[in-house]
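Each in structure tokens, the structures are laid out below.
Next come two complexes, and both contain chain A; in the first it sits with chain B, in the second with chain C.
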Partner chain A sequence: MLTPPYIIDLPSLLEINLVMSLVFFILAISLISLILYLRVHKNFRNQRKDKLEVLLIDFINNYLFNEDFDKPNEINRFIKNQLKTTLDKKVATKQLLVYAENLKGESSAVIKEIFYGFGLYNFLIQDLTQKEWYRQARALNVAYQLDMDIPMDLVDSFINAKNKEVRQQAFLYLIHRSTDNPLGFLDKVTTPLTLWEQIHIENGLKTYEGVPPDFSRWLYHKLTSVVVFNLKMIADYNQYQHIPILLKFLNHKDLEIRLQTIISLRKMEAPEMIPILVENFSKENPQIKKEILITLGEIGLEEQLKSVAPFILQEELDLRVSYLKIARHLNPGGAKEEIDDFKKITMLQA
Partner chain B sequence: MNFNFFELIDIASLLFLTYGLIIISGYVFLALFSFMELRDYKRKHNFKDEVPLLQSSHLPKISVLAPAYNEEANVIENVRSLLTLDYPSFEIVIINDGSSDNTLQSLISTFDLYLDDVLYYPHINTKNVRGIYSSKHQAYKNLKVIDKENGGKADALNTGVNCCSHDIICCIDVDCILERDALLKLVKPFLNNDKKVIASGGIIRVANSCIIEDGRIIKVRLPDTFIARAQILEYFRAFLMGRMAWSRVDGLLLISGAFGMFDKKIVIESGGYNPNTVGEDMELLVRMRRLMRDKKIPYTVSFVPDPLCWTEVPQSWKVLYRQRNRWTRGTIETLGLHKRLLFNPKYGVLGMLSTPYWMFFEWFAPLIEFAGIIFLILMFLFGQLNLPVFLIFFGVVYTFSILFSITALFFEEFSFQQYKKPKYMLRLLRTALLEPILYHPFVMWSAVKGNIDLILGKTTWGKMTRTGLSNPSKTKPN
Partner chain C sequence: MKKKILVIEDNPMVVKSLEFKLLKEGYDVVTAIDGRSAMEQLENNHFDLILTDLMLPFVSGNQLIEYIKKNHPNIPIIVLSTATQEDIITNAFTMGVDDFITKPFSPNELALRVKRSIGSFKNQLSDN
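Take a look at the complex of A and B:
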């Protein structure tokens, strides 16, 4: 036998250790092989991507600008020779997106024509109907950027998707595709909008070419986040005609809505809100009190600010700081005594 | 000595196997969960560009807090770099922690600062603030410099928390290099979560030998020294495997002090950073989590795997020793302060998984290893060392160590692939083979010494000397 005697006589626990060493060693070698494979695979992928991108740029440029280009035959030839794998299709889609971003009008329509010609639309629909969220989100993103028609019932089903990315891409698609009601999907939203989604929607609206919607339509939506979003947009889009509604919202029972109403009205510099704010100050929580103080600092008077000061509670120290800062801003010399007193107190407490 | 050698071996083997199995299961769990987390993160972010969102006026304002102690040499360049971060609304708060060099003077003269009468309430007790400075220049209007008596990093950060203006704070080391979109990426979890996010952390990358221009990494290079490369592997293991996995199960106990974002209100409510521990970053997060649990408020802690923050790691064994010694003391102090969490089902994952993991894998592991080495030496001295048995034991530990490092390397390759040159990957593989023998014992000893120093009452940070990050004119092309 070739096996050394000290191996044969090993206790079983040591044998297990030996086997484990071998297992770890084999796993380590396998992982190293996997790393090398990944590196080689990525390199090949990148090479193929680079090569295909050059071919695509050449093809698209010819398609766009060369009148002698035999479009139907060339497209078929390109599909047959170049668009064989999923990677090829993804690269082609990405390249078309680059063109779509930089071209407008007729040229943009030609890009869509190539997209259809390459059969990428089927690829997109296939992704949309898969259950994997990342494929759905990616497909929606492409459809949105290329301005593609996709079955609306399919998109509608994504409005309340469990995955946030899918939801977000569906919103962007619906904003982009709408001709007169970019926020129509809000009527169907049943999942609260995260702040991130709100920022995406806000950003989507910036590129919307139609008339901005009347945001007051959703001020009575059952979701607070939807109402808050629309309050923000009313201020961003200077829809001053809604100030009367917003004034009523200063007494809304929902704290978040009250808070955003104050911020929006402040942005719109609506002095009508000041008496209501002064009256409500004592009943509000510290967060809203702070916004009231900021508002008084921006569009109020020193007297109005002073009238709310007694309602800043002893323990509301941050609020006291905000008050003093604003008082100093309104009347640089006026609040000196109060500020000195406050500094003494804080020094003593420290 | 009168004992049966094979009986002793059997007992040691059993103990070893049990501990080994626990460790292996722990690492398998880490690997699986971090793989899932990385895969999902990649899927989420590989098809869209979020930079246009920077135009929004509804992104929350952020205060970036950076303590500086004797940073005269680099502070100006670092502040300039911070001022150019891509984010619509943020302030940079530099806290000069009683530097004995000219840190403050250089800041005052470079940024044309004046003593400002800033009002604030000191929610957290700190050392005396000597003055708060603002700039006369519009270009630096979002820069604030606080000058205070020396009180250590935790005290400096607490001062920053007291004096800063915004509700979200980002605590960083002043010499860290942040990617331009770092704030946007780190704030995203705060805005895109169904639960309240109390903190989010990011991956720390090793900047040694990288090419830096205008405070930005423009070319990632592998460090020339073995000690720095070994730390790269450690960081891969800690961040790409460890923290990604803990983030998946919402069990993160540590957000690096070099780069983390926090909800200021919760920080204040928790009492701020603890100046009496050297592990103030971990201790704060544990305390914040405990507070939320005790108040029964649903919350989460998030982690972003993008390479957003780059830092210089120790290049000398002496500095590395001090750092690891301090990390160990910080871990033990935190676990000691929060021993109530341990195996306490009331705290969920935190009590049943995270704290036991930190105790067994971070605190005890070096001690057990050290005990094993002592046992080995004793066996050798008493002539009881059986070479084949030793080799088998050594083999299993060694192969597992390299397997773990190689798994982390695989994750890097799978996710961000920052080291693009094939020779970098080969050098890292070589480092993975050598690290368990040439590097790990040193780190283990630093941790053991950390335990001893803690028992002896050592509470200092230890000097952290940096050699300075390279720039193109100073470094050779690689």
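Take a look at the complex of A and C:
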């Protein structure tokens, strides 16, 4: 191709300038085209979603409430005409979830029937076997919401998933689907439970309809987080029969476990713990010392509180303040006297 | 003559399902997606029953119930809500609602409760 003479004649600096301008112009046009394409594509998707949602609501209502509705033929017709793409299947799944969330009784079974009828179960299993975490999490959530059976080996593989969302959804599914052992999956947990995951499990248990599990079963789990979680649950579910085991845990080598044990025993108002706490006080770190002080304030005696005062160090200012507050709580009339006592006991002269 | 029901609900799926079910049961159904349009409907039509959510845009369910009790005291009200807290339910009954249905709900059960409320003595009074 021949280059026009007026370009050849240009100085090299201008030539570079011209080429760069051209490159940036093409880049700008490409970017604008891409944005426009994405925008138009999104609009088309949204239009399709809106249209399909209306059709789905109409179809599901007919399926649910219209006795003259030719279910087998209509479902086939709907699949053939409306459920062609992945987007269509996603929209259908979402819409069925909205129905499942709002309706119960005989309608729940019908919603599941439509889900199977649309062939969405295969779509769900497909998602579970994909690598993308959001597809796995979504599929688990759908199975949980619609109360669906899915292969347990697939769910088990998510118990220690790296992605937190997938793991949480797997936990919820397992709790929800269990008939007699909602926390059975804890036996297979090999990576620590995050606080957020513990909250999810706790919430999942609140809606569990069966008998609450015996949480002491996991008190000797190799993961501290699992033990701490179960210690907390023992108190929350008032499993007083486990107090003797918890008393042993007051001398556990793990600080987190000792801390949660004190909190749980305090919640269960177990006075048997007090002598052990008083004895351990001097060896404990400030965080546990504070929990001991709170415990003494709630279920202890003034004398027991005074007995730990000599072991509050001068630099533990927060503990000193807590001590005095608790002392005042135990003996409301003797605030001034308590301060003087404390100074004497701890040898902390002002 | 068909009994007329006003359904006040902002979830399109629930509105459509209720409308479909109640039409099938032989009622006339008018829908409103918020408290404000419900008030307009109440001014222009006579209703035999009101089925309302508590969480509504613009005018809350409680404000709407107060308004209905003040201006149309004989229309039975059924609340359809996700709220399960005892105080919310008690409060609704104190305000004078006739029934409280929690979501998720059974459409057949709802239809039966609608039938019972429409046939209630209070509603007979409003006919007179």
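Note that the second predicted complex is superposed on the first by the 302 of 350 C-alpha atoms of A that agree within 3 Å, B and C clash if a C-alpha of one lies under 4 Å from a C-alpha of the other, contacts with A are read in each partner's own complex, and residues count from 1 in each chain.
Criterion: a contact is a pair of C-beta atoms (placed from the backbone, for glycine too) under 8 Å apart; a residue touches a chain by one contact, two chains touch by 3 or more.
From a predicted model like this one, the values you see are computed outputs, not experimental measurements.
J.: Which of the two partners, first being chain B and second being chain C, lies in contact with A:Trp196: first, second, both, or neither?
T.: Once the two structures are laid over each other on A, A:Trp196 reaches chain B alone.
J.: Does chain C touch more residues of chain A than chain B does, or is it the other way round?
T.: Counted on chain A, the partner with more touching residues turns out to be B.
J.: Should A:Lys89 be classified as contacting the first partner (chain B), the second (chain C), both, or neither?
T.: In the superposed model, A:Lys89 contacts neither chain B nor chain C.
J.: Using the touch definition from the top, say if A:Lys289 reaches chain B (first), chain C (second), both or neither.
T.: In the superposition, A:Lys289 touches no partner, neither chain B nor chain C.
J.: For A:Leu317 in the superposed arrangement: first (chain B), second (chain C), both or neither?
T.: First partner only.
J.: Is A:Arg167 contacted by the first partner chain B, the second partner chain C, both or neither?
T.: neither
J.: Looking at A:His252 after the superposition, I want to know if it touches chain B, chain C, both of them or none. Which is it: first, second, both, neither?
T.: Neither partner.
J.: Just chain B (first), just chain C (second), both, or neither: which does A:Ile32 touch?
T.: A:Ile32 contacts chain B only, not chain C.
J.: Taking the superposition on A as described, I'd like to know which of chain B and chain C A:Met20 touches: first, second, both or neither.
T.: The first partner, chain B, only.
J.: Find the residues of chain A that appear in the contact set with chain B and again in the contact set with chain C.
T.: The answer is that chain A has no such residue.
J.: Tell me, which parts of chain A touch chain C in their complex?
T.: 57-58, 60-62, 64-66, 95, 98-108
J.: Once bound in the complex, which stretches of chain A touch chain B?
T.: 6-7, 10-11, 13-14, 16-18, 20-21, 24-25, 27-28, 31-32, 34-35, 38-39, 42, 133-134, 137-138, 141, 164-165, 169, 192, 194-200, 202-203, 206, 232, 236, 317-318, 320-321, 324-325, 328, 339, 342-343, 346, 349-350
J.: Please give the residue numbers of chain C that touch chain A in the complex, ascending.
T.: By the definition above, chain C touches chain A via 11-14, 16-17, 20-21, 24, 103-109.
J.: Could you pull out which chain B residues touch chain A in their complex?
T.: Within the complex, chain B touches chain A at residues 6, 9-10, 13-14, 16-17, 20, 43-44, 47-48, 52-53, 55-60, 119-123, 125-126, 188, 190-194, 388-389, 392-393, 395-396, 398-400, 402-403, 406-407, 409-410, 413-414, 417, 422, 425, 429.
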